[in-house]
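One chain, chain A, links the two complexes that follow: it is found with chain B in the first and with chain C in the second.
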Partner chain A sequence: MSSSRTSSSSLVLSTPRVLQGDIAVWIFLLAELLAFGVFFLAYAFARARNPGLFDAEQAGLDRQSGLINTLLLVSSSALVAQAVAVVRRAGADASQRAAAALLGAIACGLGFIVVKGHEYAAHFAAGMELSSSTFSMFYLGLTGFHFFHVVLGLVVLVVLWRQTAAGVYRPGDANGLESGAAYWHMVDLVWLVLFPLVYVMH
Partner chain B sequence: MPTRDSVYSPLTVWQTLVVTTAITFFAGEFGPAGRWLVVGVLALALLKGSLVALHFMELRHAPTVWRLSVLGWLWLVVLGIVGAYLKGMP
Partner chain C sequence: MQYSSQAVAKPYFVAAIGLFVGQIIFGLIMGLQYVIGDFLFPAIPFNVARMVHTNLLIVWLLFGFMGAAYYLVPEESETELWSPKLAIILFWVFLVAGALTVVGYLAVPYATLAKMTGNDLLETMGREFLEQPLPTKIGIVVVALAFLFNITMTVLKGRKTAITSVLLLGLWGLAIFFLFAFYNPVNIVLDKMFWWYVVHLWVEGVWELILGAMLAFVLIKITGVDREVIEKWLYVIITLTLVTGLLGTGHHYFWIGTPEYWQWVGSVFSALEPIPFFALTVFAFNMVNRRRREHPNKAATLWALGTGVMSFLGAGVWGFLHTLAPVNYYTHGSQITAAHGHMAFYGAYVMVNLTMISYAMPLLRGRQANSEKSQVLEMWSFWLMTVSMVFITLFLTAAGILQIWLQRLASDPQPFMVVQDQVSLFYWMREWAGVIFLIGLLAYLASFFVGGRPAEARAS
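And now, the complex of A and B:
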């Protein structure tokens, strides 16, 4: 009994503080966050100078698509987190179960692309261009920049899925998986600010 | 007894993210426009972003400087947006 208490308290005291994933990837992620942050603030201050225009044009956005895409991204992110947890716990079929979670994450990401593609198609059919207005410039620029990151993230997820299914990652040896996961969570994190900012606040 | 890590499992974090996302959407559809909507949905964005950063990106176990970098980014962006929106209010 005393030994279990000792081991649990020493576990708490000695758990090392570690960054999961590659430090170079994390530095890259911070740079990405900075770029998105500047873009968000530029949008907010541009709107402050012309709230009427932004509110009128925002009313033309499909908020339901924004909702579906938010749900797809948080689900995708959760599945990636689940895949990392499964690999770390090891156990029977860990690689296959983690690969299945990653496949689900990829499906959600593809769903995001389809929904956003539909939205863009509707905007372009209605004649929206980057130069149509200050709002359309920010809307297309900001969501387009994010869309590009989703596409890139999906390429990363496909690589992770193949590697995981091949049993490359093991407990204590999953740096590549953790780095790619951090990138995908960053894409999710940014959207969690973008959705209320661009689709909801008026 | 559930541990801290089981309380914040990917499943429970996902459930919270889904519920707060739904609240954000319905606030936009049916809530009053203006400062309460802005402050309310951004407070939820802070909560959601913190959950993703701490539990999905696993910054809860990371060295303080990394955790503060990402959470600090989130707070700065959110407070900046609130400031800009309140400035643009009639």
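And now, the complex of A and C:
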């Protein structure tokens, strides 16, 4: 950031490539991605030390559910992106259309929770625990950590949906919406790495 | 000083510094006992000196935190303290209880003290850092609750700011996690597991929130940077702290009998714990560089910047050094831990308290800043204490590396006490660095008595 810009208190709104959302949220997102990234690396190391176990236990995972969940999260992310775009373009009843898109995104997110919940129920019924094996530790640890992010993300989306419906966000004044959207995309992005890594690759 | 009730902070700061001196004296005694084993034996055995050294540290830091809260909450909330009288009563209760506890440690054998104070009723004693007799522990809870009540009522009746919210979250967390000091399961794995709820979740959790709030307050005052900017940083730092620090507890669960997955959870999350400390450093320097006024209290600015750097080095870097499970397998419980403990406590919690005292004490004594002469002496004490602490850390690290090699890694490992003899050179050097630290501390004390015309603000 140049010192000349910070010294004047006026906001630069028309800069073509300005960071969307709050810088503080971005720092937080980078820290989150770093945490997941380190876990993915740890997974890779652990798998390299015991590929047989990982391949065998991975075969027991429900890939179909994983695929459905991938589609749900990608759709949800797309709907959130659409909501941001609608708000930014303004136009007739932009707030209501954006709110509808967010509601769709929330529905997809809830779908993810239901599907994942079914998967967990089956695993727990089969007696899987964090300490049953290195693979199950990583599987439950990684997906569980991500699951909590989805839950938190849904809380954020509900707040955004109510605010958007109330017409709080306008073009040039949608910092909260953009920040929340960035968080949801992060949750989606992590899953897009997690799904192939844990469910598919062998 | 804007509100007269802020004056209650003064006795807290004075007591904090007094206990700090006691802590350092006992540090020097036990530092000498490392190399002259029977020094002061049987009057002050090593285990007692160590207990007094660590307990005094904790108690004086708590005095500092409470003083800081009494100083900054009225100013942030823009209202007088709910009850200054309660604050003064609690001060004396806490001071007398603390003094009696230390006298108890020194006057009678620990087992006798345990019997005298009703440890058979509820067994809480005998655990590192939680050695306090039951009445002291109950006293701590009572004082903490009354203190929190006083502070919370003040916040509720006044303006709510990010700084007071974060501070309250930290202080309430401090009180709540201390309750685990009363839980002492017979199963030694569970005992250790919950013991860390107090120890780890204090210093790598809620205390960091208190630190962040205190530093943010001083930075607003001395730099004049917009509150919005500083508060945003504060939120980012405390989020990073909680994300990494809570599950970072796992780095204490590697070898105590807990399941293997803790090695992964602990390694990954605690490896990220340096990030909030790094953010704290960047934050402090950034705010000082963007300052909108030249505050006449240069010493406080120096302490604030020092807190950022030294907490990152001590807590962040020296913590990371031995936090990964495969490394910790060899370094566990060696002098590396002692090195980390010294620099982390000094860099984070000692320095943030001295930052607050350095900023607030002149105001409590009726001037914006001390005289140039007094500040120069205080800055000398900053460098003497900080540089000698760096050397204490380096010598202990060297001792630790050698210890691990001779005792655990070499093809022909040697017994503990044989190894201790071989690393004694580093213990001697650590002791001399400790003497320099004491000189720095005495210079710090002297700076309070240097008079002269108060330094004045210059237009930037």
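In this section, the second predicted complex is superposed on the first by the 187 of 202 C-alpha atoms of A that agree within 3 Å, B and C clash if a C-alpha of one lies under 4 Å from a C-alpha of the other, contacts with A are read in each partner's own complex, and residues count from 1 in each chain.
In this section, a residue touches a chain if its C-beta (ideal position, glycine included) is under 8 Å from a C-beta of that chain, and two chains touch if they have at least 3 such contacts.
All figures in this text were calculated on a predicted structure; none of them were measured in a lab.
Superposition of the two structures on chain A shows chain C fitting alongside chain B with no clash. Of the two partner chains placed by the overlay, only chain B lies in contact with A:193; chain C stays clear of it.
Legend: residue contacts after superposition of the two complexes on their common chain; A:158 is shown touching neither chain B nor chain C.
In the superposition on chain A, A:34 makes contact with both chain B and chain C. With both structures placed on the common chain, the touch criterion links A:137 to chain C but leaves chain B unconnected. Counted by residues of chain A touched, the larger count belongs to B, out of chain B and chain C. Contacts of A:75 after superposition on the shared chain: chain B is touched, whereas chain C is not.
By the touch criterion defined above, A:24 reaches chain C but does not reach chain B. Remark: least CA distance from chain B to chain C after fitting both complexes onto chain A is 15 Å.
Residues 34 of chain A lie in contact with chain B in one complex and with chain C in the other. Those residues of chain B that touch chain A in the shared complex are 9-11, 13-14, 17-18, 21-22, 24-25, 27-29, 33, 37-38, 41-42, 44-45, 48-49, 52-53, 55-59, 61-64, 66, 69-70, 73-74, 76-78, 80-81, 83-85, 87-90. Taken together, the chain A residues at the contact with chain B in this complex read 15, 17-20, 26, 30, 33-34, 37, 40-41, 44-45, 47-49, 51, 55, 63-64, 66-67, 70-71, 74-75, 77-82, 84-85, 178, 181-182, 185-186, 188-189, 192-193, 195-197, 199-202. On chain A, the positions that touch chain C within their shared complex are 6, 22-24, 27-28, 31-32, 34-35, 38-39, 42, 46, 130-131, 134, 137-138, 141.
Across the complex, chain C meets chain A through its residues 232-233, 235-236, 239-240, 243-244, 259-261, 264-265, 267-269, 271-272, 275, 279, 290.
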